[in-house]
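What follows is subunit A paired twice: with subunit B in the first complex and subunit C in the second.
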Partner chain A sequence: MLGTLASAGGGVTVGEIVETLLLRTGFNTRMVIAGTTLLGIASGVVGAFAMLRKRSLMTDALSHATLPGIALAFLFAPVFGLASRSLAVLLIGATVTGVLGVLCVQAILRLTRLQEDAAIGIVLSVFFGAGVVALSYVQVNAPSGSAGLNAFIFGQAATMQARDVMLMAVLASGALIASIALFKEFTLVCFNDSFARVDGWPVSAIDLAMMAMVVLVTVAGLQAVGLILVVALLIVPPVAARFWTERLWLLVVLSALFGGASGYLGAAISALLPRMPAGAVIVLTAGVAFGVSMLFAPSRGVVAGALRRLRLRLRIASDHVLEAAHDAGADRIERVTMREIADLHGWSAWFAWVVRRWLIGARMATGTRDGIVLQERGRRRGRQVSRNHALWEQYLVSYADIAPSHVDWSVDLVEHVLSEELIRDLEKKLAQRGEALPSGSGVTA
Partner chain B sequence: MSVGPVEFDLARDLFPLAAGVLAALGCGLLGNFLVLRRLSLMGDAISHSVLPGLVIAFLVTSSRGSLAMFIGATVAGLATVVLVEAVKRLGRVESGAAMGVVFSVLFALGVLLIEVASARGVDLDADCVLHGQLETLVWFSAPDHLSDVALGDLLRAVPQEVTTLGIMVVVVLAFLGLFFKELRIAAFDPALSTTQGFHAGIMHYALMVLVAFATVASFEAVGSILVIAMLICPASTARLLTDRLRTQVWLSAAIAVLTASGGYIAAAAVPGIWGKEEVNAAGSMSVFAGLLLAIAVVFSSRHGVVVRRLRQRRLARAVVREDLLATLYRASESGRPGTAITTLSEGRAPRLVRAAMRVSERRGDVRVADGRVVLTDRGRRVAKALIRRHRLWEHYLVDEAGLPPDHVHGTAELLEHLETLPPEGPQVDPHGREIPGDG
Partner chain C sequence: MKRRTKASAAAGSGQSNLAELPEHSSDSPLSIHAMTVAYDKKPVLWDVDYDAPRNRLIAIVGPNGAGKSTLIKACLGLVSRASGEVEFWGENYREVRSRIGYVPQRESVDWDFPVSALDVVCMGRYRRIGWCRPVSKRHRQVSLECLERVGMRDYANRQISQLSGGQQQRVFLARALAQEAELYFMDEPFAGVDAATERAIVEVLRELKSRGKTVIVVHHDLQTVPEYFDDVILLNMRVVASGPVEDVFTRDNLHKTYGGRLTLLSEAAEAVARAASGRK
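Then we have the complex of A and B:
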């Protein structure tokens, strides 16, 4: 695949790449790149709210529903004395049927027992089908000048005129400014709409305003990105941004950043390599941002989560080893003993080796040729774990009414999550009841 | 043969119609379980994201040989299902957004790859993935009349798209036939299904594999948008018509066949009325599917808008009639022999009151004379039962629900119209009025 990409971009020099990225290019290209960047920023902001309001796929129905509007506007513009190829006219048509589509989704939800997913799917496919019908009608029966209409499906940034870009930029910045102005209202509705309603906010009006912003961005992006992929600009950047933060303002800023960067890089790459359609490249750039975020974001990322789980597993495993050593009263754990512990807990040989490295790395033990020798830290931890184990065992027997024969397995699970505060509390409770405590001299941290 | 203003031409129409009907049938049947399990948009996601699978298979094998493309697309379809699950679980992303991310990025990849492929002088058209190419399924050597068709000729002439679709329908039918019970339980109660020994997760994946298979088989002929329409619309329409799953499945099959054939005929017939050329058949089928759904939304005898409106109106009228009888009864309790119609109209629409009085008079519940209304014996019995329910409810609301006595009238006013009786109570209501006896 890289090979095919390389062959597609074979003739491009590094100099050209830098020139394009710095916008030192032809006027038209510069306009297109600036325009899609603005579009990306606006859709990042609007999309963040749409995602939080769980309206992500509503935008999909909306954008598919614009197709019949484009074809009908083309067909009927001459009736009203308008130029049928004018972008503004086509976009007005797109807006009308797009909004109609959203209204249909809501009507289906209100009038029938169908669920939202079915309603969205119905509107999306039926409206798009109507669009295909209208397009085929236009192409057969009024072929003059209808060639450009297909471009709205997949987008065609490269052929955009300066005037078209201006229109796109105006629509996008309108949505951007309005969303920032309504930041507080949108936040309120996204997080707690019933509270907002009780507090006297016009929730349906705010929802309507949010949908209007979505419509603006969608319509703005139709020509550059195409109606199938324009939803990606609204969905992918906010989902990517969600991995990095729990704060709303940061989420919106990051989402705008991802959207803007996708628009900028996508249009630039597509300008360099004439074969690359801008819409697809923009969405793929956003897709890369999403992939990187999902894998490597610090706290919600997949890698961070896997590391966290691995660390917890290792801590539990090493506790088992130290406890076994303490209970056996030995400082030295032979290779054979280690294998027995591993078999008992069902560890693979590889995991047992990692546990050994972990114990040595945490300076709980030192490695020798035929096993490990516990250090002071390890001995202390072993005592502590063993004592927690005993504490829990007695707690479960005396408080939770678990038969003594059933105690041990659950003990193994809980002793690792026991907080030290809880241990002191337990200790006190058990002391009050006069239960015999195992010696814990000097181990309570 | 001719259907309305359109000639049915064997050469031009037979295979496109067959392909449309088969695709609609297979997708429509599977759609029942997608719609029930709120997975409708999985069909949408899969049909968008098979595009890169198709193109990659095409680039690797450099042929439009269908098997490779078929495998590529199926793999891409399954990858979508797995990726959506992964993004949802690993990323803790809401399912709509997860689908949106996966299918839009994969679709973008497909569009890009198509451009790369065409850079190498290979022709692959993204448009036909969306619109389908029903119109190309021509039977060149077809005889003029259906009666002249030799079976051998027909079988040899069947395009491979139609064969694939036929196999798909058979597989879908077999799957539904064999696993209907399991699918039903998994759709309504996944936990129960798992405890009964067939894992709901496995049924989910089996269903998804079939959806991917049906999508891929269909969209080469009819386009991905029609696939979505067929997965969702017939099942949704059937769901509005019945409450039984088995009936719904049969209905959806019938609706799917009707959609495909109706849409196909309309594609030529409707523009033909104005003497225009025919329009895209796949698109016309989606519109037809939407039309049938709209009809069901409005006219369904069970959940239709009209029926519900009528039912509400009938109920509203019955409530007004009963309320008026109750008012008359209360007036007679305080010794007045009749009530003026104008008094009854207070706080109610005069039109409704007049209509209610007309019906009550016809039923023999009241007599109207000189603008005054008097209860007949029959009307008195009806009103008495109503008042009894009202006062029993008031008693119940005060005694059992702990409401203050001055807050219960409004609620009792609503509850009195229900069939259910509150538990028996004492002889007087919370306001000290007598509760009339039974009968």
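Then we have the complex of A and C:
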């Protein structure tokens, strides 16, 4: 990847890349990289709460709604005797229309029957359209110095001035510190706002504070990341982090980490390749973090989930084989019998082969040339599954009033997942009715 | 006074002494006066008058859509009232909310939230802890004890999505215990729970009563009302009857609550709603 980047940049050497990544570069570049990293960390933390409050998309409306504010601030700053190119002035304009956009979404939701997605879509596109119109007006009528305004759309980290970076860093750290201070309050409102209200917390004010943090981060990131993609810094890192953990503080830390890494890499690459929009690189980095998390995170990841389902399926399939062997009183399962079992359950030849390997791998059986021979473990499991089957069947017939002829189907699924506790319960229930229990004991393997 | 008489007439014999109670009884943990609640202009509760007796376990009972949850939400200010007043110990809700505990409906939150059972119970301590300060060891200890009281101590560190519905309900109950309130509102705590949870909740209710607390519970199982509760509010868009279970929980009153006598009231509500949306 580094090689391709180097060639795309036309003359960026590996040495330069390493130097940039290690911050052994000019003062300005170092500032930009550090500032954008801080921005990424702050938006990771703020974004985690936006996600938990299910407000992620609202941030999109907010960021798009900043554009008209930027253009208007540029246009009207001289009227108030301010320098129209001052970043602070532009960001104040961005804040005003951004917040106005969010208020419009709220108003639409309150006054009409539209759903949130529609309201956000309307506000987002109309405000952005207004921004584009205002921007082109500015560029036609006040061309001097207005060229830089386009940078706010896609972001231009590399050309930021030290002073602008400082402003970004101050805003981002403000949001970061406030979010950490209000961690407990944000958590409460995100989890259960009605309880929070009854408990005496000013839920609207806390919500407002949360939104204010989003505004701070968004506005801070406008110049470096650009208004179209800054929202991704708020949305993607927390969603990626959610795959890895069930602990809130860890979620927030991971989200900050992903956000920080995205900001760092994005700004560094953008410093190397000045024509590459920083926002795009930052979002791509975050996107990679998301993709890896979605696929490979333990427990919540896609691969882990597929493996879990496969394992369960295999366990049930091998249970079927063991139970069939037990019921037939056989220790040896011939290839032909195995095929019959496979046909009965609709297994493909491939899956039947995997089941056979699984049984051998779990030391339930040993493989022979023309089939498998059960081992003690396998025999025991077969006995147990068969008994579970009988127990559950008996329970359904005597407690749930299900006709015996209809019982088999549900039993086939349940018998494999009965826990020790459930089996004891079943035994107790059946014994209470004075019914004879199926013979054998040894609840688990 | 006219309104009170009307209400007690509707309530039947069990409540005939209510009319003599003073308007603002500071003794009562909860006094509702002439409260009407509407959702989107459609009235769901009409003209509710009620005074809760102290240190009793009180069930709110009524058919689906009778406004049971709405009644407690309106008392707590979670839904706005169209008219009427609610007082707690004769005072405004704002003054006394530290003495009020709340168990919301289990479905009202996303249980796939990245917190543990203990974290949720600690939320009941937040108002004692105050702004911007972390949960200290002492509060964590109290929360653990609350989990113990509902038989969930072993699950303290379990992520809440991994708990069964009944266990989640017990976590909510433990959080309310952690609030250390005097008056509790519980919204359908018995809905869809297992036998062990039901026993645990009943035990907690009795313990709360023995400690002098008042508990108001939205309840849906008529069979268990006489066994679990001292008082009952029979609700169907209005208070049909209220008072001690032995006086009020009669076949006649239940028939009034669940029978088809309220068609006029709900039709009127529909008409109001239609008119409101037509005007829009």
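Convention: the second predicted complex is superposed on the first by the 424 of 445 C-alpha atoms of A that agree within 3 Å, B and C clash if a C-alpha of one lies under 4 Å from a C-alpha of the other, contacts with A are read in each partner's own complex, and residues count from 1 in each chain.
Heads up, the rule we're going with is that a residue touches a chain if its C-beta (ideal position, glycine included) is under 8 Å from a C-beta of that chain, and two chains touch if they have at least 3 such contacts.
Every value quoted in this text rests on a predicted model; they were computed, and no experiment measured them.
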item: First (subunit B), second (subunit C), both or neither touched by A:168; value: neither
item: First, second, both or neither for A:203, with subunit B first and subunit C second; value: neither
item: Contacts of A:248 with subunit B and subunit C, given as first, second, both or neither; value: second
item: Subunit B versus subunit C as contact partner of A:359, first or second or both or neither; value: neither
item: First (subunit B), second (subunit C), both or neither touched by A:184; value: second
item: Which superposed partner A:272 touches (first subunit B, second subunit C, both, neither); value: neither
item: Comparing the two partners subunit B and subunit C, which touches a greater set of residues in subunit A; value: B
item: Touching partner for A:46 - first (subunit B), second (subunit C), both, neither; value: neither
item: Subunit B versus subunit C as contact partner of A:195, first or second or both or neither; value: second
item: Overlapping contact positions on subunit A, where the subunit C interface meets the subunit B interface; value: 242
item: Footprint of subunit C on subunit A - complex, ascending; value: 52, 181-185, 187-188, 190-192, 194-195, 197-201, 242, 245-248, 251
item: Residue ranges of subunit B touching subunit A (in the complex, touch as defined); value: 35, 38-41, 43-44, 48, 56, 59, 87, 90-94, 96-101, 104-105, 107-109, 111-113, 115-116, 118-120, 126-127, 130-131, 223, 225-226, 228-229, 231-233, 236, 239-240, 267, 271, 276-280, 282-287, 289-290, 293, 297, 303, 305
item: Partner subunit A, residues of subunit C touching it in the complex; value: 73, 76-78, 97-98, 100, 102, 104, 108-110, 113-116, 119-120, 123-124, 126-127, 129, 131-135, 159, 161, 175, 179, 185
item: Complex contact set, residues of subunit A against subunit B; value: 1, 4-5, 7-8, 51, 54, 56-57, 60, 108, 111-115, 117-118, 120-122, 124-137, 140-141, 150, 153-154, 228-229, 231-232, 235-236, 238-239, 242-243, 275-277, 279-284, 286-287, 290, 294, 300, 302, 305
